[in-house]
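Below you'll find a set of structures to go through.
Two complexes come next, and they have one chain in common, subunit A, joined by subunit B in the first and subunit C in the second.
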Partner chain A sequence: MRKKSLFSRLALGTAAACILLPVCLLVFWSVTARWSWPSLLPERWSLRTLRELFFGSQNLWQLLGSSVALGGAAAAVSTAIGLFAARAVALYDFPGKSLVRFAWLLPLLVPGPVFAVGIHLTLLRIGLADTISGVLLVHVTASLPYSAAILTDVTAALGGGLEEQAALLGANPVQAFFAGSLPGLMPGILSSLSMSFILSYSQYFTTLIVGGGRVKTLALTLVPYIQGGDRSLASSYALAFTGSALLVFVVFEAFIHRGRKGDGGI
Partner chain B sequence: MKKLLAFILALGMVLALAACSGKDGQPASLSSASWEEIVDAAKGTTVTFYGWGGDEDRNNWLASVAAPYMKEHYDITLEVVGMNIDEILAKLAGEKEAGSASGSIDMIWINGENFYSAKENGLLYGAFLDKLPNTEAYIDTQDPETLNDFCMPIEGYEAPYGKAQLVLYNDSAVTPETPSSAQELLSYCQQYPGRVTYPALPDFTGSAFVRNIIYEICGWEQFQTMEADYDTVKSAVEPALDYLRSLNPYLWNQGRTFPDSSTTVDAMFADGELVMGMSYSPYGVSVGIENGVYTDTTRTFLFENGTIGNTNYMSIAFNAPNPAGAMVVINAMISAQLQLSQYEKLRNLPVVSPEKLSAEEKAAFDAVDMGEGVLSQDELLAHRLPEMPAKLVPVIEEIWLNEVVGK
Partner chain C sequence: MWKRRTAYILLLPLAGVTVLLTLACGSVLAQSLGYVPAFGLTRLTLDYYWAALSKPEFFPALLVSLRTALLSAAAASVLGTGLCAALVRRGARGMAVHLVRLPILVPHTVTALFAILLLGQTGLLARTAYFLGIISDFSQFPQLLFTPGYGGTILAYLWKEVPFVAYFTLALMAGVSSTLGEAAENLGASPLRAFFTVTLPLSLPAVSQAFLIIFLFAFGGYELPLLLGATSPKALPVYAHLAYMSPELRQRPAAMALYGVILLLSAAMAALYGILTRRLLRRIGGGV
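After this line comes the complex of A and B, so read on.
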């Protein structure tokens, strides 16, 4: 037992280091002007990029607001559709079921840029190109395979038993779902929300092509600075990007915790 | 299913109509409108300007100088959208294929091969340069460099925005020499083996550097009228290929691989991994010194026989929703005032002709402090060579890949 705990601690420590060390490097680079070999620490520090981040040409708060709103909406829509799809596949039998399961994985099979350019033409024809609705639609398409897959597993594991029980006790289908299945599905719903949020939040090429640059997100501002080679500025933006995504996860987590406490836990 | 499709299509049409209704009040035909009518029509509208968004200083300048200027003088809202030129052209080509009469892009920042392909594929609005009053007022309309973008006649399809010129830079505290010719560069590389390289083609700067080497070895005149044929070009540049291959053993990683982009080369120089770099921004070194990225002893230099310079331009998209507004903005961009501001804040070589400036304007340009480690405008322009025809550029890039890398 002791040995296993040592091993798991080691594994945990390695994993944590792999995640935290690059973040530390980002923190350093965001305030670095020049850091040349073989200096251990930067030779010249500078607050230039933080000034640019907070007071520069882009309005950071507006960018954060629109990115989080878009990601949140994509997460909600994708999870809702995923939940319905999962129930259909996990709890019912119908002809062509395996075809449906395959069909929702299709967006994963097509490379992102190909998908973006192709869907752009279609959205142009129906007038949704360069609009938020168009971008939302494309983000949902990108995250739906993950939502559906996560929720199908959870729904199948939980089964329809609790709802049947509730129905026997006189609950209508809606009551039966909310009181019977939903609490048990919550962990899966949280995973689906987080997954679709981060997928939407980090979309670059699809947002760029479908949104035509008119729909502005943090990722859209961040990538040109990375390509432009300004390491300090890219680091500042990357920190803002990672930090804000983490913050949203914390909020999701808090919601679920409160929800579970309210239900008395399962 | 059919009903659903019909509904979606109908919805699309309604949305498209709603999108179109925003551009009332434009003159029916811009080509016959007077300048006053165009300025009037542009009042209260929004103009979108699409171009590369990776330069923090330019983004800031557009947001804090150009946009307020347009608002104040013409009541135009200038919306700047950062997008790579490849993606802009892909988007326009898609819109063209979909038959979209009204797009979302008004102005584009463009030049060279991209201008060539955009013009060939009908992605541009058409001739407008002669309509702008500031063309006559500030631009030298006889200057072949302005009239030809990589040897492609611009025919009024685009207006000059700024000038670039290839420069070399190194740190006098690390290497006292400044190689002023291809031959001196070879001995410089031999002296500092493994610490010089250039960006892999088709990087913009790497490609210009190789063309500059070709000019050094083979002269520049013959290329101005050369056919874009692989074998013709290859036999013409053979001596330069020999030179580049002789350089390889002394380059970073023995010339087996090259850094992916000019920004990587800049970063490798800043990190001390390289002793020399090259840039298309002639005043990039002074900006680097001010930001603390480069050491104070970094300085710019040129080849004695000159380096390639080119002009970058602003054009209008074929389906621009607001061409009148775009013309007004472009006209303002080539005014002495905004060119001076670009020169001051962005250290961008201006496109206005010195002969057409008033004494005051000329004094204002001369008074600009270009910072440390750079060359004067006169020095740069005295060592400026014209670009090759745009069609030769991809051919040379292919030849380089086949004949130089790892050879």
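After this line comes the complex of A and C, so read on.
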């Protein structure tokens, strides 16, 4: 049913304006040289901030590389753990299932700062505080609820039938999973990857505490720029940060769509 | 083929994460009760809680955090449900859904910058108001940022969380609307009546979950109140972090008591939510 009522037009129009206005404003500010009160448009444009961004004191490419690598690793681990748990809950019968669902929602219920400070204490004890592995572990925990929820939905929808058939035809469990279920699970796996990537990429407080200042990400670098007065420089960093995150996300989405078109045979 | 033992093996990594999370909360609570063997403190005491609670900064910080979280979550739930209904009416797919997803993907720190560029006294809204002749100087534009009302913080949360509620509720509401909602309309109910008596009540489980997630997130949120909030009163997580960063290590248990308060209140809120929604959903028949 697609009715174009006045209400839905008005609501979606307002939402679109509210969502896009600040984004456009950010793009404008990032290439502004002078935009004084009360002009509605910048008076002078400049590529100063972009030069500062790409060739300035902070090494953007290194920062970008390590942030993307960290996000990618967190996404892979979180999706793997989520997939294991999703299979257990969706395909197997065992007592205490509601406990499992509670366990993977727990990271949403524990407040971020408490979690960060507490896990830092725990990691200090096992020697992982102020290391990349420690930060990775924390990012994985933060994205696990989303991975588990997405993957349980797709696993339950697909069921175990195809794997059973593969097993009947002589495949071992691993082969049965890869041949039977993996193709059908791919859209869910990709959206879990992209969601966890975004979550890891935008972590600020957890990285700050658990990384102890030794792990640097783009999210950490951005905050002092926002607190400082240079709106143009802050905007160009924010643009690089958000733009790179969205780019990775869009690539994943493209794969999901191509996959959907590709497996029309099933 | 589906042996129970395999299920337990598959759950081991999740169990590991859960253990880590429990240890994290446990360490915070232990230190807040004065148990820090590294500093030679081993006697359990509630003194640090009393000391933290009796500081003059504590209650204003607590109130600001509760108020910000409650207003953000309530407004986001109402507006987000409306946005979701609009998306459902348009078939729940296409460009509009992609657009609504965008704020979910934008980090909170960037949202803070949005607020500064848009809502500040020299921001775009103030300039527009000047251009339209509503104000004659930027000092006449209402101050939203860095004020004790935390208006800028709440608006920044709304920019991110209204779309979150809409997206979170979309699958359920689209499903309900295309089946029972449409049945109600075929039986003669107006679209408005069908929405309020059938589709909305049956979508409430998702809306109320989103409410809790946002409330807890905003209550424990650090970035937005840090970047957009007032110097006094500080939001509770910002205040706690300041105490945590104190170079005086003996003060550590006092900082942990603040984190303990955040943790216990969040747990209490989640429990209260569990009790209230169960009752509410049973009363309106929306519980499944």
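Keep this in mind: the second predicted complex is superposed on the first by the 221 of 266 C-alpha atoms of A that agree within 3 Å, B and C clash if a C-alpha of one lies under 4 Å from a C-alpha of the other, contacts with A are read in each partner's own complex, and residues count from 1 in each chain.
Methods note: a residue touches a chain if its C-beta (ideal position, glycine included) is under 8 Å from a C-beta of that chain, and two chains touch if they have at least 3 such contacts.
Since the model is a prediction, treat every value here as computed from it, not as a measurement.
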Exercise. In the superposed arrangement, does A:Glu52 touch subunit B (first), subunit C (second), both or neither?
Worked result: first
Exercise. According to the contact criterion defined above, which of subunit B and subunit C contacts more residues of subunit A?
Worked result: C
For this session: Classify the contacts of A:Val117 with the two partner chains as first (subunit B alone), second (subunit C alone), both, or neither.
Result: both
For this session: Identify the partner contact of A:Ala69: answer first if only subunit B is touched, second if only subunit C is, both if each is, neither if none is.
Result: neither
For this session: Determine, under the contact definition given at the top, whether A:Val27 touches first (subunit B), second (subunit C), both, or neither.
Result: neither
For this session: Using the superposition on chain A described above, determine whether A:Leu40 touches subunit B (first), subunit C (second), both, or neither.
Result: second
For this session: Would you sort A:Leu6 into first (subunit B), second (subunit C), both or neither based on which partner it touches?
Result: neither
For this session: For A:Leu247, select first, second, both or neither according to whether it touches subunit B, subunit C, the two together, or no partner.
Result: neither
Exercise. Should A:Leu233 be classified as contacting the first partner (subunit B), the second (subunit C), both, or neither?
Worked result: first
Problem set entry | subunit A residues contacted in one complex by subunit B, in the other by subunit C | 37, 117, 121, 227, 231
Problem set entry | Interfacial residue positions of subunit C with respect to subunit A in the complex | 1-4, 6-8, 10-15, 17-18, 20-21, 23-28, 31, 82-83, 85-87, 89-91, 96, 99-100, 102-103, 105-110, 112-118, 122, 124, 126-128, 130-131, 138, 159, 162-163, 177-178, 182, 191, 213, 216-217, 219-223, 227, 237, 240-241, 244, 256, 259, 262-263, 266-267, 270
Exercise. Which of the residues in subunit B come into contact with subunit A in the complex?
Worked result: 8-9, 11-16, 19, 48, 50, 52-56, 59-60, 62-64, 81-84, 87, 90-91, 94-95, 97-98, 100, 104-105, 261-264, 266-267, 270-273, 291-295
Exercise. Residues of subunit A touching subunit C in their complex?
Worked result: 1-5, 7-8, 11-12, 15-16, 18-23, 25-26, 29, 37-40, 80-81, 84-85, 87-88, 91-94, 100, 103-104, 106-115, 117-119, 121-122, 137, 140-141, 144, 148, 160, 163-164, 167, 173, 198, 201-202, 204-205, 219, 222-223, 226-227, 231, 234-235, 238, 241-242, 245-246, 249
For this session: Mind listing the subunit A positions that touch subunit B in their complex?
Result: 33-37, 44, 46, 48, 52, 56-58, 117, 120-121, 124-131, 208-209, 212-214, 220-221, 224-225, 227-231, 233
